[in-house]
Every structure is written in C-alpha cells, then in structure tokens.
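Each chain carries a letter (A, B, C, D and E) given by its place in the written order, and its residues are counted from 1.
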Amino acid sequence: MDLMTIFGLILGAVAVYFVMWRGDILYLVFNLDALVLVLGGTFASTFIAFPFSTLKEIPKAFKLAFFPRHRETALEMMKIVVSIAEKVRRSGAETLVNEIHSIGNNFLRNSLKMVIDGFEQEFIREYMEKEIIYLQQRHRKVSSVFRFMATVAPIFGLLGTLIGVVQVLRNITDPVKMGSSMAVAVVTTFYGIFLANFFCLPVAVKLSEYSENEIINMQLICEGINSILNGDVPLITEKKLETFLSARLKEKNYGK
Amino acid sequence: MDLMTIFGLILGAVAVYFVMWRGDILYLVFNLDALVLVLGGTFASTFIAFPFSTLKEIPKAFKLAFFPRHRETALEMMKIVVSIAEKVRRSGAETLVNEIHSIGNNFLRNSLKMVIDGFEQEFIREYMEKEIIYLQQRHRKVSSVFRFMATVAPIFGLLGTLIGVVQVLRNITDPVKMGSSMAVAVVTTFYGIFLANFFCLPVAVKLSEYSENEIINMQLICEGINSILNGDVPLITEKKLETFLSARLKEKNYGK
Amino acid sequence: MDLMTIFGLILGAVAVYFVMWRGDILYLVFNLDALVLVLGGTFASTFIAFPFSTLKEIPKAFKLAFFPRHRETALEMMKIVVSIAEKVRRSGAETLVNEIHSIGNNFLRNSLKMVIDGFEQEFIREYMEKEIIYLQQRHRKVSSVFRFMATVAPIFGLLGTLIGVVQVLRNITDPVKMGSSMAVAVVTTFYGIFLANFFCLPVAVKLSEYSENEIINMQLICEGINSILNGDVPLITEKKLETFLSARLKEKNYGK
Amino acid sequence: MDLMTIFGLILGAVAVYFVMWRGDILYLVFNLDALVLVLGGTFASTFIAFPFSTLKEIPKAFKLAFFPRHRETALEMMKIVVSIAEKVRRSGAETLVNEIHSIGNNFLRNSLKMVIDGFEQEFIREYMEKEIIYLQQRHRKVSSVFRFMATVAPIFGLLGTLIGVVQVLRNITDPVKMGSSMAVAVVTTFYGIFLANFFCLPVAVKLSEYSENEIINMQLICEGINSILNGDVPLITEKKLETFLSARLKEKNYGK
Amino acid sequence: MDLMTIFGLILGAVAVYFVMWRGDILYLVFNLDALVLVLGGTFASTFIAFPFSTLKEIPKAFKLAFFPRHRETALEMMKIVVSIAEKVRRSGAETLVNEIHSIGNNFLRNSLKMVIDGFEQEFIREYMEKEIIYLQQRHRKVSSVFRFMATVAPIFGLLGTLIGVVQVLRNITDPVKMGSSMAVAVVTTFYGIFLANFFCLPVAVKLSEYSENEIINMQLICEGINSILNGDVPLITEKKLETFLSARLKEKNYGK
C-alpha cells in the first residue's frame, strides 16, 4: 500500500514538473504570497472550525495515511480467531490467560479479557458493538477534517487570485506588467486546487478506506467471539467467519 | 479550544494582511458598498428564511462557538456518575436529595430528580432519550442557519461583482478608470467568500462538533442512570461507561 | 415572525438600492428582456416538472411563508392537552362532546372525535402517526417546488447572459455599444440569482421550518392522547409532554 | 396535468423567442455543430452508462411524462376498495370472480386474484409490499437516466464552447470574425443548459412525482386489502383508508 | 448491452470528430502536455486515495463495464430455482449432489452445498444475507473509485489550463502567439471533462447498474432457497419468486 502512495506522489509531481518544464514556467512553482495565503487561510479556517481535541489527532492521521500500520488481513484474523475457538473448546476459556499478551490486536485482546473475567455474553456483545460504533464515529470525525480542508483550500486559492486580479487591474495600461502579475494570481488558485486534490481529498478517502477495513476486522472478531460464547464447534465458527473472508477472496475471482 | 480559535483568527488575518501588504493594496480592505451589499443581503435572506424563534438563538450560538462553556470531559463525567452509583448502592437513592444541587450538569441533575421522585425506570429512560433527540434536532437547526449564511454570502458577493462589472463596462473606453472600478467589483466577491469560509462555515462546523460532544456526554449519563436503576454493582456501571470513555482515551493511542 | 420577514425584505431592498445608487446605475434595476426570460423560463420549467395537483398549492404556500397562520406554541398546546386530560380523568371522554367544536387545532379535534367515537387505542395511534407521516411528505413536496425554482432561476439568468454575450460580440468593434449591451447581459444573471436567493430559497427554508414546528406540535398531541388513553394521571401526561416543551424553553437558557 | 406541461413548453419557447427576437439574433436558434455535439455527446454518455434493459424504457417514460396515463385519484381508489370491502362482507370473496376483469388497476386486480385463489393473508401482504418496493426501485432507475442526462448535457455544451473558443483564438487578430465565432461557441453552452433544464430535469422530476402518486395509491390498496382480510367491517376499512385520502383533501384546505 | 456501449463510444467519437473537423481544428485532438497532466494527475490522486487492495480490482472492473459477463435474467434464474425446488420436493435435497457442479451461478451453488451439508435453515439464511451485504459493499467500493476519478479529472484539466494561461500571459503583447497558447490551455480542460464524463462517470454508473441486477438475482436465490427449506410446495416457491420477476416483465408493459 505504501509503495502505491509513493508511486502516486512521484507520478503526480513528475506530471506537473514535466508540463511546467515544457512550458518554461518552472520558476512559478514556488511563490511565497500564494503559499502564505493558501496554507495560512486553510489552516486558520480549520483551527476555527474544529475543537482542539479533534485537531490534535490530525498529524497522526496524516502520518497513518502515508505509513499505514501493519494490520492482519481478514484471512489471518479468521485463522487467529478459529485457533482461539479450538483452544477454548479443548480446555476452556481459562487457558487463554497465558497467551493473551501475545495477541497483537487490541480489540481482540480486550474482548478476550472480558471473556476470561467471566462477564455475561450479552454484556460482552453490547460492549464490543458500542466500541465499533464509537470507533467508526471517531474515524469519520478525523477524515471529515481533511474533507473540510479540501473544501476551503481552493476557495482560499480563489481569494488569492482575486487579490492578484486587483493588482493586475492597477497595471491595466501596461500589458507586460499585467501579464506577469496575472501569472502570480493564477498560481494561488493552482496551489489551492493542488493542495485539495493531491493531498487533502486523497488522504480523507484513504483514511475512510483504512477505517472500513479495520471495522470489518472488528466485526469479524465480534462475530467470532459471539460464536465461541454460544458454544459453537470451531467448524461452525469458521463457517460463520467465512462470509467476511469470502468477501475478500471472491474479489480475486471478480473477473472470471 | 478557545486558544485554537483565537490562533486561527490571527493566523487568517495575518495571512490576508501580509499578502495584501506585499501587493500594496491594503487600502482595499475596507469598502463600504461591498460591506453593505454582502452583509445586508446575507442577513436579509437569513431573516426571510428562518422564523424569529430560530433567529434569536443565533447571537448566543455565535458567542458559544468562540467562547465555549466549560464542559466535563467524558472521563470526568464517568467518575461523577460512578460516584453517584456508589452512593446509591450504599445508602439508596434518597440520600442524593442533599447533594443534587451541587451537580453542575443540567441533564444529570434533572434525571436524578426523576429517580428521587420515584418515577418508573422505563418512564425515565424514555424521557432521557427524547431529551437527547430533541436537543440534537435543536442544535442541528441552529447550525443550519450558519450553513445557510455560508451558502448565500458568496452569492451576494457575486451580485456585488455583477453590479461592479456593469459600472466597469460604462467606463470601457477609459482603461485606468475601468481598472479601479473592477478592483472594487472584485472586493465584493472577496467579502462574500471570506465571510462564508472564515466565519459562517467554521462556526457551523464547530457548533456541530460541540453538539456531538454534548450528546455523547448525555448518552453516557443516560447509560449510567439506566445501569443504576437496573441495580448493577458500581463496577459493572463503570465498565459499561468505559466504552464512551475509551473512545476518547484510545484516540491518544491512535498512532501507535 | 412576520415582522422579521418584512424587515428582511426591506433590508435586502435597501442594501441593493444603496449600492446601485452609489454606482449611479439605478436605471438598470428594471429590464424587460431579463424579466421575461428569467421569470418565463423558471415558471415554464416548473410547470413542466410538477403535476398540476402540486402546483396549485404553491400560491397558498407562498402566502403562508410571508403571512404565517397563528399556531399554538408547544407550551400552549401542552396546557390544552393537559386540561383535556384532567377533564377526561374527572368525568370521562364523553364530556368532551360539547367542547370539541371550540378546539382550534384540526388534528387535535379530529383525534379527540375518534376517542369519543370509541375507536380502539391502537387504531387511533396508527391513524395519528400516518397523518403525521403523510403531512410531512406533503409539506416536503411543496417546499421542493421552491427548491427546484431556486435551482433553475440562476440557470435561466445565465441563459440570458449567454444571449446577451452573443449580442455583445456582434458589436465587438464598437466598445461603447459593447459595454452597454454587456450591462444588459449581466442584469439577467443578476435577476436569476436575486430571485433564487432572495425569494425561492428562503421561502423553501421557511416552509420547512414551519412544517417542522407543526410536526412537533402534532407529535405532542399524539403523545398526549396516547397518554390519556393509557389512563395515565394528568401529572404523568404533563411530565411526558414536558420533553417537547423543554426543548423550547431550554433554548432560552441556551447561552447560560 | 397535460395542459400544464403544454403551457410550460409554450411559455418557455415564447420567452426565449421574445428575448432573441428583441436582440435580433433569431438566426442563432439553430446551429448544426452545437446540436450534433450536445445531443451526440449526451446520448453517447447515456448509452455507455446504462445497460440496454434500462435504456429501452426511456422512450415510453419520456412519452409518459408528457401524456400521463389516466390514474384514479386517492378518493376514487378509496371508493373502489370500500365497495369491494362491502361486497366481500356481504357475500364472501368468491363473488368477486365475475367482477375482477372490470377492475382497471393492475395491482388491485392481481392482489384480489390472490385473495380469491385462497392464499394466506401473510403471503398476500408480503407479496404486495415487495411489489411496491420493486416498482419504486424500477421507477427510480428510469428517472435517474434523465437526471444523468441533465448532468452531462451542460458539460457537453461546455465542451462545444471550448472547441469554439479555440476557433475564436485562431482569429484573435480579426475582431469581427472572432465575435461571430464566439457567438457560435456560446450557442453550444446554450443548447446544453436548455436541454438539461428545460427537458431532462423537469422530466426526471415529473416522473418522480407520478411515481410517488402511484406508490401512494398502491399503499392504499395494500392497506385496504389487508383490512378486508382482517375481517374489518367496511366502515373501519374506510376510516383506515381516510388517512391516505385526507392527505389529499387537506391540501385543498392548506391556506385556511 | 455490449452493442449499446460500442454504439455509444462510436456516437460520441463521431460527434466530437465531426465538430472539430468542421471547425478545422482536428490537429488539436492530440496534445502531449494535456495528456500527461490529466492522466498523470488523475491516476496519481487515485493511487494516493485508495489502498492497493482496492486498486487492483480496477482493471477487471473496467473490462467488466465494457464486456459484461453473461448473467441469467431473473426469469431464467426463477426457472432454475423452481426446478430445484421440484427436485427437492420429489426426492429430497440429497439428490442434488450429482447436479450441483452443473450450476453456473456461484452463489446458488454454494448455498445449495450448505443445504446438502445439512446446516440449519437459520444459519444458511444469515450466511446468504451477509454474502449479499458484503458483495454490495465491495461493488460500491469499486464503483466509488471511478466516481473519484470523475471528480478529480476535470480539476487536473483545470490545473493544466491554469498553467496554459500563465504561458499565455507571458505572450500577452503578441496576440497571434497568445491565441495559439490559449488553444493548448483549453485542450487540457477538454481532456479532463471528456475523461470524466465519457469514461469514468458512465463506467461508475454502469457498474452500479450491473451490481444492482446481480444483487436482485441473489435476493431471488435467497428467497427461493428459504422457501425450499420452509418446505413450501414448488408452486408457492414460484409465486414468491414472481415478485422479482414481474418487476422485470412489467417493465415491458410500462407504457400500456
């Protein structure tokens, strides 16, 4: 996944560089005024719009979009849950105590702790379902910050262009000077659009995609632990979890 | 939170000031015509669109967006509810009578009053759930006024620009005069966009964020009081409320 | 409410008049071509888009947006329903027969008639709920006509501008004539935007607001009559209706 | 209804004709290039976007939007269903066998056939509800084709304008020639906007309106047949259907 | 279906070719800079926005949109399911073992396997419903990639135009050179709009349509197998499946 993002960044940069180099206007790539206005305006609006408790998640989320954590695939997660089901079937939930610290997934570990601690099935199920709902809500909030930035960035680019146009109009009797001022005005819109569509929007979409994958894994765990608590034989547990899995494996057979 | 908003306002003002100063067009920052048309038109549309009962909430909501009331975090609220659960467990709901006036949160206080007054559990639960639904609806209504203003402000900016363009066209044979009229025309769009994206939209988003946080606190209280009325031991009550809390605490561990 | 709408209309008119007067282009306020195209096109599209049964509601709805009917506040409505609950408690539903004609609210009167006529509770509840759903649907339909008009009006303004631009281009060698034709072209867009954002959209929003208020009143009545049929004591009925009410009264304490 | 559509078409045509005649540019109404590009592009995109099974419904749906089938009003439909309820009450469902072929409404006739054939009530209810859901889905699909066309038509108009602008720019040194080329470029956008807002969008809206009316009639029939199968007396059946009806009749009293 | 897509592609190409040929600007159809920027930027954004696991489905989905797999119509699928119902009725589910490999539809085959393997009805029903939900989710994800591309393609076209405008402004004193640069600038927007509305958006819509058809078939199978497991006689099974079918057949009678 990481490779794809890097490839995307390079491809985009090369495409823009190539076209600007062919047009002999590479000197326009960096413009202080445009940068100050677009970045300053976008961050300012975002700071006003969101409370600090939301904003402080942004740097981490941004990093996460480019360097995703390792996450078990649905197939791996199914195997883990099924192997737990088998142990519970063989020697009871108590034997999990020793192994619980080697489980990497937080949600699975916490849920199993509650099983070991002897909470009622209904209580554990409700607890897990609420965790999923509130995680989804929190993820949506973080990705909505990037969507907000993708909305206002081009608008502050436009503001910069308006400022530039005013400057241009003062030089309206001098076509050469007018042309060069206009170029600067155009760059601001360029920055706004580029920031929105090359960083903010793709990051928002990628965070949503990662969130969706994590939620599916959590639903798989929730279904699996429920099946264990129901006393299903491990084979039935596996069959139940297959629906999550086949959703992935069938993807590979999509075109057949 | 307040600091972030102030920082955002300063950052935005500095960015715009810097760019206009560099472009030597600071004299354009204030323009009477543009101000009259954008503010007048936006407020006029808003006055027509919303009944007075909704409009009269706006100044308070605007103030609230910049100077938020102190609100308990989910962690603090959980501790309060759990301590109440312990008192009720030890000495019954009646002992709350003396302490109820020291509870700062309206919703918690009102709900506890109903518990003391001996209303049935089902009745209290329904009452609390309806309160949450209607508060949500009322909050949405208030923030929708700001979204409406964010929609019409740039359009009245555009109207001003159209008026400006007509003036410009009358001076079409005189390029210098035309340029200066055009500058004024452009300022109106500037005002409209600035008002929408720097005030109205961020305020609407922030009010929604605050509303969401308040609703989560209320759901926590609702869950807690239900748990108390169920006769759960305080430990179970705490565990039940943890799902709300962990949603916050896990945020801190988001990047790990 | 009415006062606010009038104030909004005056404020908007004054703002536009002031700016046009300052710009010395008041003569442009009225333009036959622009008026014919924008109004003609908007009404034509609307006539094609909606069946006659929907269109014939529009004049009344338009009037209603500016001259709203008197409607009981939630507080008044609660008092009426509670006083009915007390009468029913004291002397049975039959005693309502004499008073039923003095009840101003149609929905309350019709529902009480069904109570007097001895229909089953379940039947009455379903009847009332369906009434609310279909009223909501009908209101949404009417306000969607105004939203449709707000969508097409600026587009027909743009069409007029396109026609104007063609005329302008025929006079491209004569800058003075071109300027005056361009002014006319611009006015059509002005009309389209003004019609959409100053009449259609605010009217659509106001109708939705009024509808929402009426629906809340009807839900209050529905809840109240159900409580009466349940045989609740009037105090419980009052407490149940308080959730609707407090939603309003708390609004007054919003900023505290 | 039909009259209203015809009136709308005439009103729109007259408004455009009047304005173009006043501007002395009637010769621009027909332009081959613009027509080929806008119609060709719009139809081409639509052909690619929708499978043939959806596309073949379009001509009929288009015709239906302008020449709607006769459909019973909710009041007429209620009377038909109530009279059936009375017959069933008097002499049993079997007596309907002779009359069933005189029933014009397909859905009512098919549902009654199932009653006569002795299917279980639950089975008939599920069957009718599924019919309603799938009809709604099918109607939505057809009207979405017109919405798609309304989205792409102005964009192909814009494409034509871009092509026109390129031609214009080749003649940039010759203002007169440039003006006339520009006029042609503008006409393409005109066509695109006109097609979208005068045909596609209104047709899509009208089909949705008709669909909604048909669905309400079907819900009335479904409710009525259920009431008959419940063994309700015809008076109760009538009262139950009144909620659908009053939704219409109250519309007439909307402004009182 | 395939024929319609090919016809659409040819129609669109001919319309654009015809108009460009008439305007004598065919040489503009291919422009390297525009192609690099629009395709490069669009793919780059898409690579950043979606994880690799989603992206790798795109080529197959693209192919599928133009060369759809053969799929049973609802009518054919109903006949298959009914014939299975008859066999099960006659000689029990076990006799299906021999025929199961000749069933082309994956979903039907897998579901029947579970029937033969003796899973409980409730288990099979839940399994099938989950399969449908996750397939829908996966299809939506794939078609959302094309919608994302349709959103960013015109924006990268605009970026190219901005770059072109800057170049134009450098030659502002030389009208002839300016004109030809401007033409190139315009072509980039042309490419962006064309790519979005002629490929990405129609493909996204078509994939949604195909998905909807496949989902309806799966719901038919789900309903049918449930009916078989309920022990319904084949006639009832057929009647139950008719609601899916008639939704299609009635389409043919839509205009009557």
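One rule holds in what follows: contacts are C-beta pairs under 8 Å (C-beta built on N, C-alpha and C of every residue); 3 or more make two chains touch, one makes a residue touch a chain.
Bear in mind the structure is a predicted one, so any value in this text is a computation, not a measurement.
Undergrad: Which chains contact both subunit B and subunit D?
TA: Chains that touch both subunit B and subunit D, as defined above, are C.
Undergrad: Do the two copies subunit D and subunit E share over half of their interface residue numbers, or under half; same or different?
TA: different
Undergrad: Quick one: superpose subunit A on subunit D by CA and send over the rotation angle as a multiple of 5°.
TA: About 145 degrees of rotation relates the two copies.
Undergrad: In whole angstrom, what separates the CA-based centres of subunit C and subunit D?
TA: Each chain's C-alpha centroid was found; their separation is 25 Å.
Undergrad: CA centre of subunit B versus CA centre of subunit E: separation in Å?
TA: It comes to 40 Å between the two C-alpha centres.
Undergrad: Which residues does subunit B have that touch at least 2 chains other than itself?
TA: In subunit B, no residue touches two or more other chains.
Undergrad: Using the definition of touching given at the top, classify the network of chains in this structure as line, ring, star, complete or other.
TA: If you draw each chain as a dot and join those that touch, you get a single closed ring.
Undergrad: From subunit A, heading first to subunit B, list each chain in turn around the ring.
TA: Result for the ring walk from subunit A toward subunit B: A, B, C, D, E.
Undergrad: Could you pull out which subunit C residues touch subunit D in their complex?
TA: For this pair, the touching residues of subunit C are 33, 36-37, 39-41, 43-55, 57, 60-61, 63-64, 106, 119, 123, 127, 130-131, 134-135, 137-138, 141, 148, 152, 155-156, 158-160, 162-167, 169-173.
Undergrad: Can you list the residues on subunit A that touch subunit E in the complex?
TA: 1, 3-5, 7-9, 11-12, 14-16, 18-20, 22-25, 28, 68, 175-176, 178-180, 182-183, 186-187, 189-190, 193-194, 197-198, 201-203, 205-206, 209-210, 212-213, 236, 239-240, 243-244, 246-248, 250-251, 254-255
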